[in-house]
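Below you'll find the structures, each written out as structure tokens.
Same chain, two partners: subunit A is paired with subunit B first, then with subunit C.
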Partner chain A sequence: MEMLKTYLQFPFVQYALIVGVLIALCSSLLGVTLVLKRFSFIGDGLSHVAFGAMAVAGVLHLSDDMLFVLPATVIAAVLLLRTGKHTRIKGDAAIAMISVGALAVGYLLLSVFSTSANLSGDVCTTLFGSTSILTLTVAEVWLCIGLSVAVVIIFILFYNRIFAVTFDEDFARASGTRAEAYNLLIAIVIAVIIVLAMNLVGSLLISALIIFPAMSAMRLFKSFKGVTVCSAVLSVTCAVLGILISILWSTPVGSTIVAVDICAFLIFCLAAKVKGGTAK
Partner chain B sequence: MKKIIRMFVLCLAAAVLVSCAAGGSGAETAETVQVDLDLSVLSGTVVYAQVYNMMYDPDPFLGKVIRMSGYYNYFDDQANGVVYHACIIPDATACCAQGIEFVRAGDHAWPDDYPEIGDRIMITGRLEIYEDQGTRYLHLVDAEMVLLEDGENEATP
Partner chain C sequence: MAQLTCSGLDLGYDGRTVLSGLDFRVNAGDYLCIVGENGSGKSTLMKTILGLIRPAGGKITWGEGLRENEVGYLPQQTVVQKDFPATVQEIVLSGCQGRAGRRPFYNKEEKDLARRNMERMGILLLARRCYRELSGGQQQRVLLARALCATRKLLLMDEPVSGLDPLVTAEMYELIRELNREGVTVIMVSHDVAAAVRYASHILHVGSEIFFGTVADYRESALAKRFLVQEEGDPA
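Moving on, here comes the complex of A and B:
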């Protein structure tokens, strides 16, 4: 406990906890919607796009890669959504193509053009987060706070519309809701979350932040509101726990958070069985 | 400094395979200096992040006596005839490393008075900045080096 108090005095540990909580909260809010809409893997696809964009930013020696990575990921999210229904390449194939394509091109660019002497380290950091969350600058923390607050406000303001579009898009459209616009909004918000979450868990593990809390909450709760609230609380708890464990026992931050998420999922599955199985 | 550290990082994978020599030439007894920032008692993840942040923004730490433990490594700059010594801290994923160059107090011949690459060491020295060919580098000066035994994590002055 004394050691933990000592660690909490370091500014970078405080930044990590603030950013970790915010990212976990945002990802869990949208995670419920994505899981219910069968878009679980859009997070994976977009995170790989973000990796590719980060590689391009690195090759171009951009001082602030976020200025390039964020718009690129948002554009990819919009494109993925547009290819959903009325194009020759259907949703899952489009996600798979963009996902592996961006990953391959990103690594290729890094290999060919990077001036870094530690290419494997750079790639590892981007894919698994490494200790990125503990090496944030104050500006990055504020950017994360700003974007996270925007995501939460958007979710609260459009909660009813997102709820409607999530459960029955056709009915929502028939009742006058601009479903396409709200799908677009969801895609943009999830792109923002993906870019933020890359610092926390890296691009390969982002999907876990989106899927596990939502799936865990669905074991015990039935209502959209109940699942969303439980998912948010669980996600934040797991993120804080994961960060603290990784700091105390020197484990990789991203994979520790995901491991805690997996444990929580198993506990919730067990609890659901004990309770009698209230959810599928 | 960045290039040097990166070269150390490349060497690190090989370095961990090198068996740690028992005892050690050049090992010194721990002294009793006033340490401003003792990183040797912190977890690897925190030390890695702290060293990264010190490299990124060194001003608050300049002139302070810092103690840290990590792995010994060196870079032999044959073009300039200089050997740079460093204490390296790998991150938890073991794909990245941070390190600080150190200059020991007193006269020590390399390689006789230095440990093998990959040996665990504890360094206590004053953080200073120096300029070489227009680039600013950080190093610990007047550094005392102690060779640590296997599994020994904490400084025991």
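Moving on, here comes the complex of A and C:
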């Protein structure tokens, strides 16, 4: 406990906690929609694209790689949504191609044009986010706060419409809601969240942050609002726990958070079994 | 003037024409059943009327103060909905979306409307229950209540009784008839020609031959005789 108090006085630990909580909150909010719309795979595909973009930014020696990675990922999100809509199988293949392709090209670029002495360390950091959250600059923290606040405001303002489009796209379109526009909005917001979350858990583990809290909440809760709120609270709790554990026992931040999420999921599954209500 | 007039309508998607030269009109209070074999373009027609697919040719005109997005739509259930965590109330309320327009939240009037429609469909007691735990018939009532929130005048239904057992099917048909008697125009896609003839006021038969007219005329047509004999002669 004493050790924890000392650690909490360091600004980098405070930054990590702030950013961790915000990212966990944002990803869980959209996670419910993504899981229900059967879009989970888009999160995965986009995270690989973000990795590729990161590599390109590194090769080009961009001073602020965020400025390149963010637009690249948003564009990929829009493209993936387009292809995924027409025919299901082709869409699946397109996502697999883009995500694996981005991963391979990203690593290739990093290897060929590497400027750092510790290539595998760099790659590991980008993929699993091992330490980057503990080395955040003040500017990055503010960027994260700004984007997170924007995501939360958008989510609250469009909550009813997001629900309508998630539950029944055809009905929503028939009654005058511009479903395509909202799908686009959802994809863009997801891209933003993924780029943010790369700092926290790295690009390979982002999907876990999006999917696990939503799946856990869906075990126990029966209303969309209940699931959304529970998923947000759970995600934030898991992120804080994960960060604290990783600091105290010096485990990798990203994987620790995901491990806590998995534990929470198992607990919720058990609780649902005991309750027996939603066993179906 | 008719609520809905389709003139010279050509239907198709991905550049393929499914049906062409469709002419029919729906007046306020009509109960139109669209029948035809599988793959004859019934669902495409429904989606075109709803504005989800652009017509390949011809014109759809709305009348009597009815705008395109003022129709209530009862779609076929999708896979996504089977395990969707949402309460009955949340789903019915989402029918008010078109009404709310740009306003981000529902107001009291819309919440009252949702409540009244749940009462009308006899599902008020289920308001806080989870949609995925309901029976097929109850789920259809929820979707019908949602459709009623979106319209006062016109309901479009896509196979509303598919997957329901015979008793619940009869209940559903009665419910729809009741709504029609209250003045709601009904347009329904169905493959159940026998029920269509029993409940509807007009029939639109699509396929290789096209028929549009009242039920009485339809019974006399050669097309109907073939279809009805087939159904009634079926031992199952």
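The rule we apply is simple: the second predicted complex is superposed on the first by the 274 of 280 C-alpha atoms of A that agree within 3 Å, B and C clash if a C-alpha of one lies under 4 Å from a C-alpha of the other, contacts with A are read in each partner's own complex, and residues count from 1 in each chain.
Here, a residue touches a chain if its C-beta (ideal position, glycine included) is under 8 Å from a C-beta of that chain, and two chains touch if they have at least 3 such contacts.
The shown structure was predicted, so the numbers you read here are calculated from the model rather than taken from an experiment.
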{"item": "Partner chain in contact with A:75 - subunit B first, subunit C second, else both or neither", "value": "neither"}
{"item": "Contacts of A:152 with subunit B and subunit C, given as first, second, both or neither", "value": "neither"}
{"item": "Contacts of A:96 with subunit B and subunit C, given as first, second, both or neither", "value": "neither"}
{"item": "Which of subunit B and subunit C A:263 touches, first, second, both or neither", "value": "neither"}
{"item": "First (subunit B), second (subunit C), both or neither touched by A:246", "value": "first"}
{"item": "Touching partner for A:171 - first (subunit B), second (subunit C), both, neither", "value": "second"}
{"item": "Which superposed partner A:221 touches (first subunit B, second subunit C, both, neither)", "value": "second"}
{"item": "Residues of subunit A contacting subunit B in one complex and subunit C in the other", "value": "none"}
{"item": "In the complex with subunit C, residue positions of subunit A that touch it", "value": "36-38, 156-161, 163-164, 166-168, 170-177, 218, 221-227, 278, 280"}
{"item": "Residues of subunit C that touch subunit A when the two form their complex", "value": "47, 50-52, 68-69, 71-73, 75, 78, 80-81, 83-87, 90-91, 93-95, 97-98, 100, 104-106, 128-130, 132-133, 146-147, 150, 156"}
{"item": "Subunit A-touching residues of subunit B, taken from the complex the two chains share", "value": "3, 6-7, 9-10, 42-46, 48-50, 52-53, 56, 91-93, 95-97"}
{"item": "Contact footprint of subunit B on subunit A as seen in their complex", "value": "3, 6-7, 10, 12-13, 116-118, 120-121, 124-125, 128, 130-131, 134-135, 137, 246-253"}
